[in-house]
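Presented sequentially are two complexes of chain A, the first with chain B as partner and the second with chain C.
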Partner chain A sequence: MNGKRVKVKKGETILDIAKRNGINIPTLCYHPDLKPEGKCRICLVEVNGKLVTSCNTKVEEKMEIFTNTKRVLEARRLNMELILSNITYARKDFELIKLAKELGIRKIRFKKHVDNSKGRGPIEIDNHRCILCGRCVQVCQNIQGINNIDFVNRGIFTEVTTPFNIPIKDSPCTFCGQCALYCPENAVRERAFSEKLIKYVENISIVKDSKFSIVQTAPAIRASLGEMFGAEPRTLVTGKMVAALRKIGFDKVFDTDFGADLTIMEEANEFVERIKKNKNLPLLTSCCPSWIRFAEETYPFLLKNISTCKSPQQMFGAIAKTYYAKKIGVKPKDLIVVSIMPCIAKKFEAEKPEMESAGCNDVDIVLTTREIGRMIERKKINFSKFGDGEFDEPLGISSGGGAIFGATGGVTESVLRVIYEIFTDKKLKKVNFKQVRGFEGIRDTEIEMGNKNIKIAIAHGLGNIRKLIESGEWKKYHFIEMMACPGGCIGGGGQPRPTTWEIRKKRIAALYEQDKKMKIRVASHNPAIKKIYKEFLGKPLGKKSEKLLHTKYKKRKPKYF
Partner chain B sequence: MQILRKSGWAGFEKTLKMDRKEVIKKVKESGLNGRSGCNFPTGLKWELMGKGVRYLICNANEGEPGTFKDKFIMEKNPSLLIEGIAIASYAMGIHKTFIYLRGEYSYLKPKLERVIKQSEEYLKKINLKININLGAGSYLCGEETAIMESIEGKRPVVRQKPPYPPEVGLYGKSTCVNNVETLANVPLIFLGGWNNKLELYSLSGDLKKPGVHEVEGGIKLKQIVSLAKPKTEPKIIYFGASGGCLPYKKFENLSVGYKSISEQGCMLNGRGLIICGKNREIVELSKIFTEFFLQENCGYCTPCREGNFRIWELLKKIGCRKGRKSDLNLLQKLAYYISDTSYCALGTSSTNHLKCALKYFKGEFLKLCK
Partner chain C sequence: MKKLNLLILKYKKEEFNLLSLLEETVKVKGFLSFETLNYISKNLKIPLAKLYGMASFYSFLPTAKTGKYVIRVCNSPSCYLNGSQEVLEILKKFGIEVGKTTKNRKFTLELTSCIGCCDSPPAMMINNKVYKNLDKTKIWNIIKGLK
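Here is the complex of A and B:
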């Protein structure tokens, strides 16, 4: 390679070797989590006098590889120019523009020809920007197993769309948003809410007394928001995030971890109840709206097994619009609940008609991590040099159990912490349930609790969920945690790009670190939770919590099928 | 014509008496090469087949512009093709064969089905089932792996090689893909008196007598063209859309064969010759061929999808006398790098015609440029 002899293993691609030997080959459609397809033709190298793509060419004996001859560089540059010529782009931090700079492209000699963009549903596909790299299609087909998007038409009319071009909101899409997460060019993206929000924030400042805005931040975003401002994936930016949100203009900054703690309480009690009655087991978790939509559409026979608890976001919203609104003396309509989520499906969830507990939507606006990052940028807030802020009371106090909600296995672990005390009547000494942590797509374990053996399974990624259900294995367990995105919310569809398995692992580690540092580790020990049950809700699964914190599922059919 | 000889299943009966390996050996000895484009020895292809369930695909998706010899065979002598399929299947131990018929040839489907039904008694002897799959009009489906994707019901995109079809093919099984003309020649080998050199050439263009002609390979270009009686003096010969082109006057004494043509930077794909008369303009012709690739490329990789569109744009500009010399340079660069960096054979050959045009007729391009 480049005149040096290199040792290789069998089955390695040229790109692997180049990376190992410190040789930089620019790539565009290549993604470490996906099967290389060689579509963009940017990662070209010269092998024995022929140009090949390095991402999907396996090494053989007696290969003579050159990575930076004139022919290679010129071919790369021309292909990049052809890609760029056909898209509109505005932002400079996407992979594509970075790459274009790297390749030294200054002027594009061609003009744009595509002229159709579609905005529909929580996810939109913008063909103005699409470079047809096929990552989204691969994720949807191979990793998530939904098969909702594919290429249609030929030649320059090729585009990515849903079957028969139906609107995404009517298609079998689960809004997991992995397609958007993998897109290098923001062509597949979440429907923007920011504009609406800016108007809200402006109104708030004008008519201060009639409107009151609060914001909740999901457990997963504090480990990833920093990445948008150049931080390492492992850094937690909780304090900075809170301060920045205050600066944007929210009156109170709360924590969805509180909602998560509430969810754990309800879910744990529900689980104990079901174990006692031995009815509707296994209990399937309900925190993930994408999985709920998937189940409602594809596996209606599972609906009775799914926990009736709302997701942490919606629990928080319901509490805010009833308990908190009353407390501060604001009409529920005038209280604006904004939530910042790593997820696109949450946008869909917030708009569900059954998610209304005070005559209006519990959560008014849902923003993704990427959107809030962009907003912070637009407000010209210097994020990295920001001081630390703290969450407001009372909805900002949380336990370590809520904090790890964002990682796969986190929900299980925090539920286990709570039910241990219910089952054994002893105080939990060893808080960490390391058996449930890990990264395999489907993993299971058995845990002894008092005189009971609880069988637990954890599945993340819709493809794995499908595997678990269709193999019939799911019947063996008592408790199954389902998360639609690989890695849990930490790898959600609204997270900063790029997201690879390496980055997901780092973010998960950051969450567990946060959990370790916290004083309260078990949700039931959270004073704010104790207080709200005492003041307002009564007891878990009580009449009021049943009304506010639980929901019903019904069989849904995608409109066009 | 040799290809129109009726065999009446005599060749098949003969092979049944032979061992399978003997059949392959005989095909190998006969020197029959693939007649579709890459000239791969047929016997060797059959020998390379793996074990377990195997499939044979008869490639009847003849999409190359200016090539219509397969249609000619299927119209005039379909039973010879079916017999060839039967012999090939017997030799490779195959029990299921697919005929991938071009969408535009759908009118041939009933005819082929009738012939298959008539020859059921022979097919039963080797327990062979023949399926006819209609293509949906994609040029790319002439490529062997794209056919497989199409039969499997997927979007026709060329698969990455390796693995090659004999290892992993249709439905992940070992698969052999043969052209119609190749398979139709197989029974003739066993009949005796077969001449390997006789090949079919499809001639079209500014001719008085266009059509399929059977000629011995190695014949001079001048002789082939004169068979079809050109209307005016020929100026350019296109070897299909993807094969490139040659100026007639300079190469009229060139002997036509795979080797000699590829030495000139062209390809003898499917042996279709498009003969253009002296009043044709090279820029206009290049634009027409580019339009073909514009419609037919699959959109998979960047250079072929976007690059061909840009070529079309530039040619349009030059054709309107609005082009500059820098445009011509860009055109040359695009033509070179598209063929250098594309994913599949369609992409790499999509600018052959332009490369040749720029090589032999650059003056005409320059005349139109400012």
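Here is the complex of A and C:
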């Protein structure tokens, strides 16, 4: 390689050995989580006088590889120019544009011929930015197994879309948003709540007089928001995030971890109830709106097993619009609840008609991590130099159990912490259930609680969920945690790009670190939770919590299919 | 539907050949509608997106209802240089436009890649018949003959 002899193993690609030997080969459509397809042809190298793609060419004996001859560089540049001709607009911090700069491209000589199709449900595909790298198609087919999008038409008319151009909201799409997460230049993206956003958030000072705005931040945000401002993936930016949100103009900054604690309380009690009655087991978790949509459409026979609890976001919204609004003396309609989520499906969840507990939507606006990051940027807030702020009371107090909700296995662990005390009547000494942590797509374990053996399974990634259900294995467990995105919310569709398994692992580690630092580790020990049950809700699964914190599922058929 | 079921059965048993299945389906059904493709996708367990992607790739697999006569004008270099654009202009005088079906559902006009007539351009196909060396009078006669 480049005149040096290098040792290789069988089955390695040229790109692999180049990386190992510190040689930089630019890549675009290649992503470590996906199967290399050799579509973009940016990673070209010269092998024995021929140009080949390094990402999917296996090494052989007597290969003579050159990675930066004049011919290679010219070919890369031409390909880049052809790719760039696809797009009309791009931000300078997207992968694509960074790469174009690296290759030294200034002018584009070609033109594109596809019409734009935009605005179709929570996810939109912008053809004026798409370069047909195919990452979204691969992720939808191979990792999530939904198969909703593919390449359509031929030649210069090729575009990525649903069959027969069905609007995405009517298709079997679950809005997991992995397609958007893998997109290298924001062609597949979340639909912005733009009109509402401008009205409420951008000019928040205007509405401030008559309205009161609060914001909730999801557990997975604090481990990833820093990445948008150049921080290492493992950095926690809780304090800075709170301070920045306050600077944007929200009246109160609260924490979805509180909602998560509430969810744990309800879900744990529901689980204990079902174990006692031995009815509707296994209990399937209900925090993930994408999984719920998937179940409602594809597996209606599972609906009776899904926990009736709302997701933390919606629980928080319901409490904010009833309990909190009353407490501060604001009409529910004038209280604007904004939530910041790592998720695109949450946008869909917030607009569901059954999510209204005070005559209006419980959550008014849902923003993704990327959106809030861009907003902070637009407001010219210097994020990295911020001091630390703290969450407001009472809806900002949370336990370690709520904090780990964002990681796969986190919901299970938090529930275990609570039910241990219910089952055994002893105080929990070892709060860490390390058995449920890990990264495998489907994992299971058994845990002894008093005289009971509880069988637990955890699945993340819709492809793995499908595997678990269709094999029939799900029947033998008591409790199954389902998360639509690989890695849990930490790898959600609204998270900063790029997201790879390496980065996901770092983010998960950050969440567990935060949990370790917390004083309260078990949700039922959270004073704010105790207080709200005492003052307002009564007891878990009581009449009031049944009305506010639980929901019903119904079989949903997509308009098409 | 019966015919379609037979076709699906045939291709389930035989060596898997999706393209010929779709081709024969077009012969039976006229075009590949949403319902037809969905039916095939459910029965053969192939994602609908894949089927539609494939159907939209090939000019000879229409995914929308076509007219009685499907005119396919070759748009590859040899025909293009020898006046395929003029052919389209002449057809336009009959009210036949690219990518559209005439109101009386008689004609559909599409562009296609090479149909193997580079020796006698420009060429077009009407349903399964090939017409070569087209010029103004020839086209007039052909279209008039079909009416």
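Here is the rule we go by: the second predicted complex is superposed on the first by the 547 of 561 C-alpha atoms of A that agree within 3 Å, B and C clash if a C-alpha of one lies under 4 Å from a C-alpha of the other, contacts with A are read in each partner's own complex, and residues count from 1 in each chain.
Just so it is clear, contacts are C-beta pairs under 8 Å (C-beta built on N, C-alpha and C of every residue); 3 or more make two chains touch, one makes a residue touch a chain.
Please read these numbers as outputs of a predicted model, since none were measured by experiment.
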Which of chain B and chain C A:Asn86 touches, first, second, both or neither: first
Contacts of A:Pro163 with chain B and chain C, given as first, second, both or neither: second
Partner chain(s) touched by A:Arg41 [first = chain B, second = chain C, both, neither]: first
Which of chain B and chain C A:Asn153 touches, first, second, both or neither: both
Touching partner for A:Ala75 - first (chain B), second (chain C), both, neither: first
Contacts of A:Trp501 with chain B and chain C, given as first, second, both or neither: neither
Interface residues of chain A shared between complexes with chain B and chain C: 150-151, 153-154
Interface residues, chain C side, partner chain A - complex: 34, 37-38, 47-53, 56-58, 63
Chain A - residues contacting chain C, complex: 141, 147-154, 162-164, 560-561
Residue ranges of chain B touching chain A (in the complex, touch as defined): 138, 155, 160, 294-303, 305-310, 313, 330, 333-334, 337, 340-343
Contact set on chain A toward chain B in their complex: 37-42, 44, 51, 53, 56, 71, 74-75, 78-79, 82-83, 85-86, 109-110, 113, 131-132, 150-151, 153-158
